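Down below is the structure, laid out as structure tokens.
Read from first to last, the chains carry the letters A, B, C, D and E; within each, the first residue is number 1.
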Amino acid sequence: MEASKKRQSEMVQEISGTNPLKCMKCGKCSASCPAYEKMDIKPHQFVSYVINEDVEALAKCDSLWVCLSCFACVERCPRDVKPGKIVDAARQLAVRQKGGSYLVPDEIPALVDEDLPQQLLVSAFRKFRR
Amino acid sequence: MKYSYYPGCTLRTKAKKLDDYARASAKALGFELEELEDWQCCGGVYPLSSDEIGSKLSSVRALNEAKVKGQELVTLCSACHHVIKRVNDDMKNVEDIRTRANNYLKLDEPYLGETEVLHFLEVLRDKVGFDEIKKKVVNPLTGRKIGAYYGCLLLRPSDIIAFDNPENPTIIEDFIRALGAEPVVYPYRNECCGGYISLKDNDLSKKMCNTVMDSAKGFEAEMLVTACPLCQYNLTKNTAGGVPVIYFTEILAEALGVKEEVDA
Amino acid sequence: MHGIGVFVCHCGSNIAATVDVKKVVEMARLEPGVVHAEEYQYMCSEAGQERIATAIREKNLKGIVVCSCSPRMHEATFRKCAEKAGLNPYMVEIANLREQCSWIHKDIEEGTEKAVILARAAIAKVSLNTSLLPGESRVTKRALVIGGGIAGIQTALDIADAGYEVDIVEKTPSIGGKMAQLDKTFPTLDCSACILTPKMVDAAAHERINLYTYSEIEKVSGFVGDFTVDIRKKARYVNMDKCTGCGVCMEKCPSKKALSEFNSGLNNRPAIYTPFAQAIPNVPVIDPTQCTKLKTGKCGICERFCQAGAIDYTQKDEIVTRKYGAIVVATGFEIIKLDNLEEYAYSQSKDVITSLELERIMNAAGPTKGHLERLSDGKAPKNIVFVQCVGSRCDESKGKPYCSKICCMYTAKHAMLIRDKYPDVNVTVFYIDVRTPGKNFDEFYRRAVEEYGVNYVKGQVGKVAPQPDGSLLVHGVDLLDGKQLKISADMVVLAAAVEPSPSVRKIATMLTASIDTNNFLTEAHPKLRPVESPTAGVFLSGICQGPKDIPETVSQAGAAAVKVVGLLAKDKLLTNPCTAKPDELMCNGCGSCANVCPYGAISYEVKEINDHGIRENRRVAVVNSALCQGCGACTVTCPSGTMDLQGFSNRQILAEVDAICR
Amino acid sequence: MSMNTEFKPKIVAFCCNWCSYAGADLAGSSRLAYPADVKIIRVPCSCRVNPMFILRAFEKGADGVIICGCHPGDCHYSTGNYYARRRMTLLFSMLDYMGIERGRTRVEWVSAAEGVKFSNTMNEFVDAVRTLGPNKRLGDLRCKD
Amino acid sequence: MKELLQDGTVNRVLGWKKGDLPYNPEPAFFKSAEELDEFIYDGFCGANLSKYMIAASALEGKTLVLLKPCDSYSFVQLMKEHRVDREKAYIIGVGCKGKLDIERIKAEGVKGIESISGAEIDGDCSTLKIGTIYGEKEVAYKDAMLERCHVCKGKEHRIYDELMLESADTLDSGRFEAVEAIENMTPEQKFAFFKNELSKCIRCNACRNVCPACSCRKCVFDSTKFDSAQKANVDEFEEKMFHIIRAFHVAGRCTDCGECSRVCPQGIPLHLFNRKFIKDINEYYGEYQAGNNVEDETPLTDFTFDDLEPGERR
């Protein structure tokens, strides 16, 4: 059990290519995040969750689906930790697990209007599904 | 001068105008956009996970086609530019991705990131020159107050996209000035519009779009220009009482006097 | 070599317990050249040393090997002992039988076998030793201090008070440095100028201190005790002997567009100027990039108004060459550029300022006459936000990796001063950590919070967004409350990182003083020799060595001065004789040895060489033994083996190798 | 420890005076044992080690040669170990190219505070050389048949 | 050349003189126009004349020297090491169409050579016609070329006062192929290979004498400072280590001119040592060509803070 927790944390670090230990806990990521209010686990917390090997909680949290990949935290992180990449890695883990998709094709027609650009659907599919 | 050109899926359909105005303007400015023969969708978002290869391959194919033709590759849509430029960086600098992508694609000659990826705006700034554009303007947009909306994808991450100062960009402002209009600088021009989130969490996107729009209006912008179809959509749909948001190529075409022939 | 004596120490039981010392003596006797061998309880004791001295005298020993503890322990002891007995101290070798043998091995047979081999290696080496004499070099009794800020001034004063001549070279028109720009100082809140200007005056008036202001170091040659330095005195266009410092020229000068360096560019100064009213010397300079007369030949107003006739448009830069025994680097710091941190909108709003700019705004002699007001509209701010760690503690792509050390304290100072003078102004400080180690420092910070009600928020600012109404919306986070904050401020003050003055790179190269990846000068030892550069005769004072505040700078300045005085007090310097020595006959003059020398100790001369009767002029390497520290890099680079290292010669080391592998 | 307990290798260790030799002394005063097969030669700096010394040791019967110096960046002479690093990199690569076992040569950076590292390094190195067995090749490089 | 000699611009010419056989011209100084009648420059003039300029730099007046493109690298390297005086040299950069190796011709089974044509530099250098006591034989020029010409550094001279004659491209194989082949061997194969090659060495010093980088006034192997030289009974140390040390001493300075291998009477491929160092330097510290110019820092007298650790691979 402990071993698998460790493995998951290492996987997140591998997939994201980040080193969470570089974090100095300044919170600039959370200060910059436009989706902060909607997040149950805040951007800066993602870093400590990985350090504490609690990736399971990350894979279940709502923040995965409100992160916009706008890279504000990635751009402004003073320590090259770049929490946005960790969020994405956790999301990858979630969607790779069976049934982890946040978006299913059936619900799409109701969400679409005629001006909606293809780009939106393509991006959403990439982000929300395996 | 001829460039390879990657339009992307949205420019074929909902954002056809972005594409049409760009081609007409290019012609007026004396360069040609030669569309790649067999391009596929870039995927819309760059796969951040370092172990994902499959979703990067369509970009590599496009990049390789430009390399074979010996041309620089021009993009127009912010998202396509972001994805292709970053995949190219991976192919140039990340050995693992380079090896795996090449193993998969089995090209005649491995692709090692040789192609130069340029956004249409970079062509205008660095190849044509804003001074040159100024000389070719026939309908100067004098007196118009236009705000640039960069969004996030065009600027970040700045170490790879290397487009402009990510927190205080000036390229579109300089562009607007070259067309004779007055650029409106407002602080949220590089903040996100909500992107794909507007599909499932429209409230959040609305909030973000309104922040941008209110700020732009506060600084007296009469119109916003952008390079991204998704930004254009979100800023238009998710705000009430906002100023018009159009593609930057439209004001370029207008200033160069080719807008009408496109619209016709 | 015949006439070697071997002395084996028991070191009580430290060696004797695991090494059969009698066996070592016995085996040593069998080695070629050994005429005497003995063992004793404690060779380093007075009695032990006496035994060695007696043997040297009686048996006329030419070289000795002491088999004892590490040479790092007692090599010096035994060398002195040999010298007293009339043997050259460099004819002593130590076999390390304690730290590197008896203490790490348990088996007596194994230990003894190794001890014998170590003794053999030392005997083989000593038989190739040659007598060495330390060289001597003279000491010029004058010091140079580069930089005229508080570090340089204090160092110069201390050296001069001890009785030695000091020159200060300062690149700006006045001494005083950054401290002159500060308003108040922590943790006592006394006025910076009040404590600095008397020191500036002292320095200028001191009979043994000579100021070269508006001057830069051009070239340095020589070595410890005997440096030769070229100083470029930039053309002032004002005759220092004639000028009375009346200031009329500055008043009348029609070209007033240049930004005032002293006021951090917040207001303007004339083309002819002194940086500030208390400048020392109180003689203006003409900025040739701004002066209409110098640029176009038309104007000449200052000359017309100068009653002393001190203006001289024809002045040229002048090079002065001076000799020094010691050099102190006190080049100070600058504030980093904020281009990589535009999220704080420094270049987008006039009301986003650095802390140094705030010092000038708070100062009565500053651009706002000491009134706290916004630079954009001159209005009094109601809400001020301070941002800590701007460019400090960053990854290389974003800023500097180190803590700038002074920001926590000066921010507490600013916050406190503002709350004191303008109690209705709200002050918020975003911090990551508050670092206050120092006497009365934490108490000072606590006062800011407890007595002055400064609002400290643990968290960082992500963006500063200028608003249409001229206010600044600060996007921050309060990590303890778990809340994102949006604070409307009318002034944002950035604690921008400090960095070593850019001029230090060039100076370090000239001095061959090493510099770290952040351009701070490296100390000879980070703990035990913190004010010395590894380059002999070069000393460090102030921020050029690392971030520090005024009290620390002054302490370091004093320490550097003592080191300088200690050096200048000597008439002659003894040099380490274990230096590189070239064989002129073999030298190709190829230049590779000088390429690897860290001390610039190798130069090349064209000399007449008598090569077995053939006289030829050849380019050959020459080692300055006063500079050479004996690392031996050159000996390996030299393909022909021309360069050898005295005390560690090729033949000596090979003899050790052979003895060990025998 | 190793299969061949009979074999006692000859190991020459070149240690710089300022860091590694002091590190060895610290290993000694901390009583951190390592095999007596290791004999240390004191040099002022790792950059004093001439490739000829190393080859000579092998030729005279050494089974392994290790060079210890200050950590890069900590050289007493500022730059000596950087030169030593390049020289040894090339020399070791050449020995490898000639089929001489890589395990017989090593460079290790040991500070004056790293008594434990010194001892561990020597234990490891001696073990590795023991496994390789006696050095024949460098003695054997040129035999006229 | 004659004019320059006669009008006193140069005091002598350093070139090649006809040998007693059709394929063995040798380096020579020519002091007068008459002596120049014996001058020759053809495909067999492989000798690199740069090293002779060390001695010529000590002589009165200027020396006119003929340098092939690859020789010019050696000259620049010697300039960098302050061994030759640029002012004392009048350099004619001569073209080169590849130099010939008589051993390769003999290896083709050609015996009893009386004459050779087709090696003239103004010819097309495609076929050698060889008159032998058994009649005329033909050998393709390319097949008779020295190894070094197959990995030619190019037609451009690094330094010259004037240029003469055309050059031809001869590069047709990878410079490091042979080194890589050895690198890919097992340690046992490597050792066997070098043991076999080095056992042939008779320590005649031909390689050392011809090498422009081995130009020390006194070689360490002739010096008493290392206890490594006892000419009377060459000691084992020298026997075994000579070639490794020699390669190490020229590492970063060797221009890869290939003269060592050309002159070795035992046919030992000595360039394989030098080229291994060159390959390593290129891989570890960035592409470097000795003799390219006088400014570049030599790799072994330079470093970066994050250089590779010994034994580490990139």
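Just so it is clear, contacts are C-beta pairs under 8 Å (C-beta built on N, C-alpha and C of every residue); 3 or more make two chains touch, one makes a residue touch a chain.
These figures come from a predicted structure and were not determined experimentally.
Engineer: Which chains lie in contact with each of subunit D and subunit E?
Structural biologist: C
Engineer: Is the C-beta contact count larger for C-E or for B-C?
Structural biologist: Comparing C-E with B-C, the pair joined by more C-beta contacts is C-E.
Engineer: Which chain has its C-alpha centroid farthest away from the centroid of subunit A?
Structural biologist: E
Engineer: Closest chain to the protein CA centroid?
Structural biologist: C
Engineer: Using mean C-alpha positions as chain centres, tell me how far subunit A is from subunit D in Å, no decimals.
Structural biologist: 49
Engineer: Mind checking the centre-to-centre distance between subunit B and subunit D? Centres are C-alpha means, answer in whole Å.
Structural biologist: Chain centroid spacing, subunit B to subunit D, equals 58 Å.
Engineer: Indicate the whole-number Å distance between the mean C-alpha point of subunit A and the mean C-alpha point of subunit B.
Structural biologist: For subunit A versus subunit B, the centre distance works out to 25 Å.
Engineer: Enumerate the residues of subunit B that touch no fewer than two other chains.
Structural biologist: Residue numbers touching two or more other chains: 166-167.
Engineer: Taking each residue of subunit D in turn, which ones touch at least two of the other chains?
Structural biologist: Residues 51-52, 56, 79, 83, 87 of subunit D touch two or more partner chains.
Engineer: For subunit E, jot down the residues that touch at least 2 other chains.
Structural biologist: Residue numbers touching two or more other chains: 220, 226, 300-302, 305.
Engineer: Every pair of chains that touch: which are they?
Structural biologist: Contacting pairs: A-B, A-C, B-C, C-D, C-E, D-E.
Engineer: Which of the residues in subunit C come into contact with subunit E in the complex?
Structural biologist: So the residues of subunit C touching subunit E come out as 517, 583, 585-592, 595-596, 604, 616, 619, 637, 639-641, 644, 649-651, 654.
Engineer: Enumerate the contact residues on subunit D facing subunit E in the complex.
Structural biologist: 51-52, 55-56, 59, 72-73, 79, 82-83, 85-95, 97-102, 105-107, 137-145
Engineer: Give the list of subunit C residues in touch with subunit A in this complex.
Structural biologist: Subunit C residues touching subunit A: 343, 389, 393-395, 397-399, 432, 458-463, 475-477, 479, 482, 484-485.
Engineer: In the complex, go through subunit C and note every residue touching subunit D.
Structural biologist: Touching subunit D: residues 70-72, 96, 98-101, 103-107, 110-111, 113-114, 117-118, 121, 514, 522, 534, 578, 596, 598, 629-633, 635-637, 645, 648, 650, 653-654, 656-658, 660-662 of subunit C.
Engineer: What residues on subunit B touch subunit C, complex-wise?
Structural biologist: Touching subunit C: residues 159, 165-168, 185-188, 215, 218-220 of subunit B.
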